[in-house]
Structure formats: C-alpha cells, structure tokens
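So, here's a batch of structures to check.
In the two complexes below, chain A is the common chain; its partner is chain B in one and chain C in the other.
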Partner chain A sequence: MSIIVAVTANVIAMGSLVLLGLLQLAIQRRWQFAIRAFIFYVVIGALLLPVRFQGVNLPLISEIFLLTSWIILPMAIVGWDLMTTPPGEMASTLSKMKAPTPVILGVLVIFRFFPTLKSEINGVFRSMKNRSLTDWQHIVRHPFLTAEYILVPILLRFLQIADQLSASAVSRGATNPNVRSSYYEKRFEARDAVWIFVWLVATIAFLTIGGVKF
Partner chain B sequence: MIALRNVSFTYADSDYGVKEIDLSIQKGECVVLTGPSGGGKSTLTRVLNGLAPHYFYGRLSGTITIGNDDFTQKPIWEISRQIGSVFQDPKSQFFSSELAGEIAFATENYGLAHPEVVRLTHQAISHFKLNSLINRNLDDLSSGEKQRVAIASVYTLNPEIYVFDEPTANLDAEGVVQLKQTVSDLKSSGKTLIIAEHRLSWLDGIVDRFVYLKDGAITWEKTAKEMGKLTKKQRDDAWLRSSTPIHIPDLPRPAGQGSPLLSTTALSIKRGRNTILQNQNFKVWPGQIISVTGRNGAGKTTLALALAGLDGKTSGKIEILEKSTRRLKRRSRVWYSSNETGTQFFTNSVSSELLLTQNLTESTLEKARELLKRLGLYQYKDSHPATLSGGQRLRLSIACGLMSNREILIFDEPTSGLDGGNMNIVATLFRELAKSGKSILIITHDGELIKRCCDFSLPIA
Partner chain C sequence: MGNTKSWTVNNVITTVLLSLLIIVVQVMANIGGAINDFVGMVLSTPIGAIVAGPIYMLMISRVKKRFVTAVLMILNGIMFTLLSNWTMLVLFSVAAVVCEAILWNDGWNSIRKITVSWMVAAVMYAGRNFVPVWFFWDTYQVFIADAGGQEMVDAMTRYFADPIWVTIIIVLSAAGGFVGSLIGARLLSKHFSKAGVL
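What follows is the complex of A and B.
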C-alpha cells in the first residue's frame, strides 16, 4: 500500500511520508527502529541541504547515492516493518481477512526465501572456492562464465527447494478447500483498516501534489 | 490395514516408476522398503501418501485400500489426514522460521478452530520434547532437531500411518540417534510405519519386515530375523547395508614414518567470534585413510573447511609436506566434499562437471570415463547434475574430488545417502586413491565404511 515509486524534490511531501512511516513504527512501539530511521533521515537531510541550496560538492560520498537513500527511505521504513513482522502473524492476519490459501502460502514462501537465499549463496561460494573458480585469473579471464557459475546453481537449487517445499505443503493439507485457520491469534482490527485508509490517502495525495507528472 | 493390489505407477515424463506391487501392511507394523538406489523405494512411498499421482503426475493403476476405504479415489488432502509424510531433507520442508508456526502448519491448513490448533501444537511440542527449542530460529537447529520438528508437524493431525522417505539421508550421527528414539516411540504407540531407507542398522529393534525393491518391483520380503541371517556376501550381492548395528572399530591415531603430508601444530579455529577448535595437533602421512569422528558440533566440519582453506580463521600452523601453507595455497592442494550437494555443481552435464578446470588430455578423459562407469554414473554423463537423485549427486561430488589431483582429500559424511553397493565402490576407490600416495580424511560415523577402508581415526573433541 505504502510502497510508492516516487521521485520528487518536494521536501515537505517526502517528509510527510517519512513522518507517517515513523508514526506507524511508533504506534507499534518499535522505538529502536523508529529512532534509527529518524537519525538516518536527519543525517542524510543535513548532508543534502548544502548540496541542494549551496551547490556544494561532497567529498567521498556520491550525491546520487544520498539522494537515492533520501527518496527510498519511506519505502525502506514500511518495507522493513513488513519484512520483520513474524510470518505466522502475517499469515494469521491474512487468513482473518479471508485471503485465499494460495495467497497465504505465497507470502509464507517469500518469507522463507531470504534466509534460504543467504545460506545457499554461502554454499555456492564455498563450492566455487573449493573448485578454484574464484581464482582472480579465472574471474578476469571468464567474467561471464563466473556470473553463470554463481547464478545457475542458485537458480536450480531454488527450483529444487520449491519442489520439495510444495510436496511437503501438499502432503500437509495445503490443497484443502477450507478456509485456513491460524495458530497466532492476530485479529484484523479497526486500526488495521484505519492504517490502510491513511496510506491510501497519503499515497493519492503524494502523487497528486508532488509525484511523477505525466 | 493397508493393501496394495497390483499397483503400478509410471511418472508422466519418463518410463520410470513401480510395477505390479502387491503389499499388505498390518496396523502397527513397521515395514522398511529397501534395495539399490533407483529401485523404486521413494516412488512407492509417494504412491502410498498420494503425492503420486496428485503432485508427481503420472499413470496409476491397481487399488490401494486402507481398512475399507479406496484411497485411489480420494483427494490428497483427505489422504494426508490419515497418512503423515516425512521427507529426506528437513531444511526444505519448512514453511516458517518459527517452531510453533511450523508445527501448527498442517492443522492450520485443515482450518481447525484456533484453540484446537493451539492445543494440538503444544501437545506435539511437549510430546517431542521441543520446549527448549521454542524460541530458536528453525534454520539454526541441528539436522536431527529439524527432522524432529518435521515429524511433530505431521503428528498434530494424529495420523495412523507414517511414511518416511529416506529420513536419515541428511542427518548426522546424533540426528540418527534422535530419529531412532522418535520412530521407536511412534511404533510403541501403535502407529503403522513405512520407511524407505538405505541405512538399515538404526532400525534394529523397530522394524518387523523388510521389503526389497529392485527395478520398480518387489523382489522379496524378509522378517527382521531372516534379514539378520543374511551372510555378508548375500548382502553385498543385493547391494544392501547391514541390518544390525556395526560397532565402530577402535582405530589408532594416525602414525607413520618419514615426512607427513599434512600436519597441524597448535591449530585453533574461530568462526566469527566463537572459537570452535583449540590446540589441534596431528599429522597425516601419504597413503593413509583417516576417519574423523566426534560428537555433533565438536567442530569436524569446521576443521575440514579450515584445512581446505574455505572458511574459518586459523591460528597455529598448518603444514603440507612440512611447509607452512597459507589459506589460498591450501585451496589448490586440499579437496573438500560436503554432503550438502545442492550447491556444488556448476555446469550443465555430469561429464563437464567432472572435467571442469581440468586439462582435456586423453588420459584425463579416460580417467573421467572410468570413474563415471565405476560409480554408476556413465549412463547419466550428458544429464544435468540437478536432475540426478541425492545418492547420484553424492557420488558425482566424490568423483569430482577423485578427479581433482589434490594431495589431501576430505569427505564429509560421504555415504549418508548411499546404498550398500555404492558404499563398497566408494570405499574401494578411496583405497586405490590412498595407494597412489594421497591422504584421505573422512568425517563419518558409518561403521561399515570405517571398517572397509579406514586405517586410523582422529577423534575431535
């Protein structure tokens, strides 16, 4: 809902999105995360100010990098908030919203994807080292082949894991047509509806006021 | 009672499958499906739990009844309520990173009421003694603990029948001990167990009957007692492993004369901030095969990865041929084969995998051909490594090690998913390689393998 592709120099519009994101964190009492995001926001803002208004060239740090960080911060805040929600609770909310089982299982799989990706990539790099595929001479001589050596086993491994995971789900009743229930009792509450509404309004307002114009 | 009458199944995309299966299994019985790799054990488990043809498409004929119910006509989610399934790789069975969420998964899918889901989940957690793990991330559990979680998640539905497809293939020794306890408890509570397995000795005392499958058909059945009477020759001819526990022989620590090929002095290994191993001093001479043993988590794999220069921060000395050898140099002199074969292969055929980074001379080609033939992989030489079975991939990984020309080779649990026949072949290859002057370290608890090829033992504590 709140993940908007927005490129704008409108400080107030960007700022309100960040504030809204921070408010969302605060209401959930995720103080530590909220404070960190706020500090990040202030520091980047302070660095960008002289660039924007005095035409200063910053040493060492790329301005494009700063600007990108500035722009994606609202998305990063809500995205990270979503990513760190326990998958069980998310599945519970979705089943309360009467989402179809394939959608819920899809969400669960996406959450499993990242830790799996990490451990599989480690495995691939270790095997590459073992087989002398990471020697710099080899990488320089065959850069495309090297990229292939990293990507192909990871992709194939994912297919394999996806297959095993699906078999495990199917053998545990995932194709049952009933509405799915949940171990976590996470209700879909009025405030969830309010937040969906707030972000909807903010998104529309943002796009109307300062977003991409066609 | 389960009854299969004239059941045949062929996968949609191949002519592989099982044929004319007649099998009756009594309530409370433990039946082990065994036989050489590719004999049809896994397929038969899939026919029983309905994954064939409901997930793995193909043509099924014959009748499968449980009690008076015809199972061939039921949707899979009805079958799964009565037949629980546990697979090879616990890691790729999980939908959640949280223990309780994972165990609740099946009950959630069946839409049981929330209090019932919670009750059944907690009951399973305490039944399988998982309370102490409840706040741990599932990815951090040991292989045995993971498999216990997988069984607990099936247990919540209280099925009468459990089907296991090579449940020990990815377990370490301690994991197998834990699994044995769990399976034994299920048996005493009157559940019917059907287990496809190569490793047989852990089932001693649990199994009632062995069913031998070869080329997709049942060749013979034997009671546990009859099985125990097979001579070693009969077992070897049938490519079977021992059905009774093999005592791990007491071997001396490596000793020898002349200059050692590998030696460590005061070697300590850190991973991240944790010191995993301290003050390791040992020497290995050319031609020796050494079993590396030690309890789970003792640091055997950490040691192997450090010796091969792949991971871990080392202090102390690692010498090859009495010369201190740095990490990057060690990578070209020490080979490490993990038993996790999912991420080891990089090319699109078995033969090019074996020849990767090799100079293509007539003699290397000949050597590769011979290895593939001996390891039963020659017919798959043009297949993609990802299409191989677990056991075949393990053999390919070993073959890559044997092709590598490195002086020191380390294999991590190389026989966990191998049948008896292939284990013997691998043991013979290790012997031959050692004879040519290489040193081989094998991390293993496989008493049969140790008996067949190891001269020394290096306990890691």
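What follows is the complex of A and C.
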C-alpha cells in the first residue's frame, strides 16, 4: 500500500495555490513581495516546462531542485507572509491561544532569525574585508581558515544575541504566566473567517481535482 | 552534572537560534547541490553535516540539557513535512529519540557521544531522500514523472533505490557527521572554551 506522498500528482494544479497565495499578498497590499514571488514563480515554471514536456536536460541546474522549488512555492509565500508579521502581534495571538511560553519564545526567535543572520553575516564580511581576508586568492589558498573566520564570529555573536534576547524577554515578562497583550494586537474579524474559508475550499478543491493518492 | 530538567529562557532561545542556523546551513548545502544530480543527491548531505557539525557541537555543549537535539530534529521534521510529506515528521522523530538516547546520561559532556549523535543525525537527514522512494515509490514515481519526466525518475532510482549508491550515501553522511564533529571539537577547545561561553 502506498500512502500519500505529495499532496497531488497533478503539478499543474499547484499553480492555483500559488495564485491564491499571491492574492493574499495583494489583499494586504504587499506589492513588492507579491511581484518578486510572481517573477520567481514564472521563472521556475518557464524552466520546468521544457523539462516536463520536451524532455530537455538542463546543464547547470538540477531538475529535482526546480521541482522542489515549484512544490514549495505556495507554502513559501504564505510562510514568509506569516514570518514577517510583527512579533508583538504574533506573541499576543499565540498567548491568547494558550500556547506554552517556550513555544511563543521559539516562534519569536524564528521570526527574528533571518534579519539577524543577514545583518551578522554582513558584519562579519565587512570586518573580514577590512583585514583583506575576502580576496579570492586567500579564500582559495586557505578555504578552511576562511570558513573558520566566518563561522566562529557568527557563532559567538549568536550566543551573545541569545543572551541579550533572554535578558530582554525576561525583563518583558516572558516568564509571567498571564496572557500577553500587545499595543498592536488585532481582533479576529469576519474577513479573517472568510479568508480561512476560501483557503479551506481551495485546498479541498485542489486535492479533489488534483487526485489524492493513498 | 547540571540540572537536566528545567529549561531557562536562555536555553530555549539558544537552542532555537542555533537549530535554525544548522537548518539554514543544511538547506544551503542542498541548494548548492542544485548544480547537478550527483552533488545534490550524494554530496549535499555530507557537506551540510561537515559545515553544521561545529554548530551542533556548540549547541549541545552550551545548553547542556536533555531534548536539545530533539528540538533540532522536530524543527527539521516540521520543515520537511511542510515541504514534502508527513513521513518526514516520523523520520525525524525517530532521529530525535535515537539522538536523545545517545546523549541522555550527561552526553553533552562527552565529545564522543555528541559525535555519535551527530553522525546518526546526518544519516537520518540523508534518509529524507530514501523514505519516499523506498516506501511510497508507486505514488512518488507518478508524481515525479508527471512533474519532471522520466529523467528525474531515472536519477532518483539510480541514487536512492540502488543498494550500492544508498550505502555510499549513508557512509558519506556518517563520515561527514564525523568530520564535522571533529572540526567542532577542535573549534570548541580553540575558541569557545577560551572565550568562556561553554
């Protein structure tokens, strides 16, 4: 017996979920993000089409990678939309849902992770550049040392950030068992219910039309 | 032996932060493997295990609590479940149980135990490619063939169904975990112990 592996064998139908994700961005007027996601979607689709229908073998990129990108795009769009929610709003919502404190803290750390990583990597490369450690000759001659120069400062910095975030979280009452609140918290409105219903219907239709296999 | 039960806020934040860094490194290795099927399917997991090994070593040595590696595995399981299918959560849950069992009794103080747990984690990470091919091939084949044609089916069959290639991938992944841990242990003594962060 085989159990469902991917949501459906009909990969063309996956485009419908991407379009719904883009619509979600458009409703929130997140135009820049929507345009970028749409361009990525078109590029991946354009590369995948000849592979699928004309048997083209791409020389510089793995077809499996393209397929994976195509599959995860709906989740990536909605996931990134969620991850860019203001942390205060998210903490307040999770607290109202009675989520345990470690879960709330974990989610908040996940939300702050990518901007922090980007800024720390930029900082490390700037200081490496000041010491002429980013020259190609040096990198090629000493790849392990270069990796060490990048990894060690980033890890030390991350440990510092963890300490700072901990102090900040505790001072803001992270260990307080009461329900958290936020200046920016939003109520669950009728339009939220409507949009959840739209996603639900679209997902069921997608699975039905696409053909779920068990 | 420290307090093995209660987690502090700092433990939670450090574990999640470094787990995410490990996941990002492994995903970057996978993306780097996009240059061709051999690199992507055979070498990406060992390379990821080598680069992420020092981070794992630091995380376990720093937090010194049970369930640290379980958090990493569950985060991986959730991510791969969202990206592919629910069996990934089962796979990484098994990985969490095995790694926790290795580290259960004061394992965070033993470089050897951390090394073994990271080698197991690397092999289980490689398993994310095998599970769909081994257990759900009928469905998976239809899906892959429909999406990418016979070329993709052939590539997956070559590397993930052939016992020789599977053995090579498992051995390389374990070796990657071992080398990553060795580098990690060296970096711990060279930098992090001296900096007083352990």
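The definition used in the following text is that the second predicted complex is superposed on the first by the 125 of 214 C-alpha atoms of A that agree within 3 Å, B and C clash if a C-alpha of one lies under 4 Å from a C-alpha of the other, contacts with A are read in each partner's own complex, and residues count from 1 in each chain.
We take it that a contact is a pair of C-beta atoms (placed from the backbone, for glycine too) under 8 Å apart; a residue touches a chain by one contact, two chains touch by 3 or more.
Bear in mind the structure is a predicted one, so any value in this text is a computation, not a measurement.
**Q** By the touch definition at the top of the document, which applies to A:M75: first (chain B), second (chain C), both, or neither?
**A** second
**Q** With the two complexes superposed on chain A, say which partner A:A174 touches: chain B (first), chain C (second), both, or neither.
**A** In the superposition, A:A174 contacts both chain B and chain C.
**Q** Just chain B (first), just chain C (second), both, or neither: which does A:V140 touch?
**A** It touches nothing on chain B or chain C.
**Q** Taking the superposition on A as described, I'd like to know which of chain B and chain C A:A46 touches: first, second, both or neither.
**A** Neither partner.
**Q** So, does A:N130 touch the first partner chain B, the second partner chain C, both, or neither?
**A** first
**Q** Please work out whether A:G106 is in contact with chain B alone, chain C alone, both, or neither, and reply first, second, both or neither.
**A** In the superposition, A:G106 contacts chain C only.
**Q** Classify the contacts of A:I64 with the two partner chains as first (chain B alone), second (chain C alone), both, or neither.
**A** second
**Q** Could you say whether A:A190 touches chain B, chain C, both of them, or neither, answering first, second, both or neither?
**A** neither
**Q** Which holds for A:G55: it touches chain B only (first), chain C only (second), both, or neither?
**A** In the superposition, A:G55 touches chain C alone.
**Q** Once the two structures are fitted together, what part of chain A is touched by chain B and by chain C alike?
**A** Chain A residues touching both partners: 105, 109, 148, 152, 154, 156, 159, 161, 165-166, 169-170, 174-175.
**Q** Please output the residues of chain A touching chain C within their complex, sorted ascending.
**A** Contact set of chain A toward chain C: 2-6, 8-11, 48, 51-52, 55, 57, 60-68, 70-72, 75, 79, 102, 105-106, 109-110, 113, 117, 147-148, 151-152, 154-156, 158-159, 161-163, 165-166, 169-170, 174-175, 213.
**Q** Could you please specify the touching residues of chain C with respect to chain A in the complex?
**A** 7-10, 12-14, 16-18, 20-21, 24, 31, 33-37, 39-41, 51, 54-55, 58, 62, 71, 82-87, 132, 135-140, 142-144, 146-152, 155-156, 187, 191-192, 195, 197
**Q** Residues of chain B touching chain A in their complex?
**A** Spelled out, the residues of chain B in touch with chain A are 49-51, 54-56, 75-77, 80-81, 84-85, 87, 89, 92-98, 100-101, 104-114, 117-118, 121, 137, 139, 153-154, 157, 305, 308-311, 331-332, 335-336, 338, 340, 342-346, 348, 356-357, 384, 386, 400, 404.
**Q** Would you tell me which residues of chain A are touching chain B in their complex?
**A** Against chain B, chain A makes touches at 86-88, 91, 95, 101, 105, 108-109, 111-112, 115, 119-120, 123-124, 126-133, 138, 148-149, 152-154, 156-157, 159-161, 164-176, 178-185.
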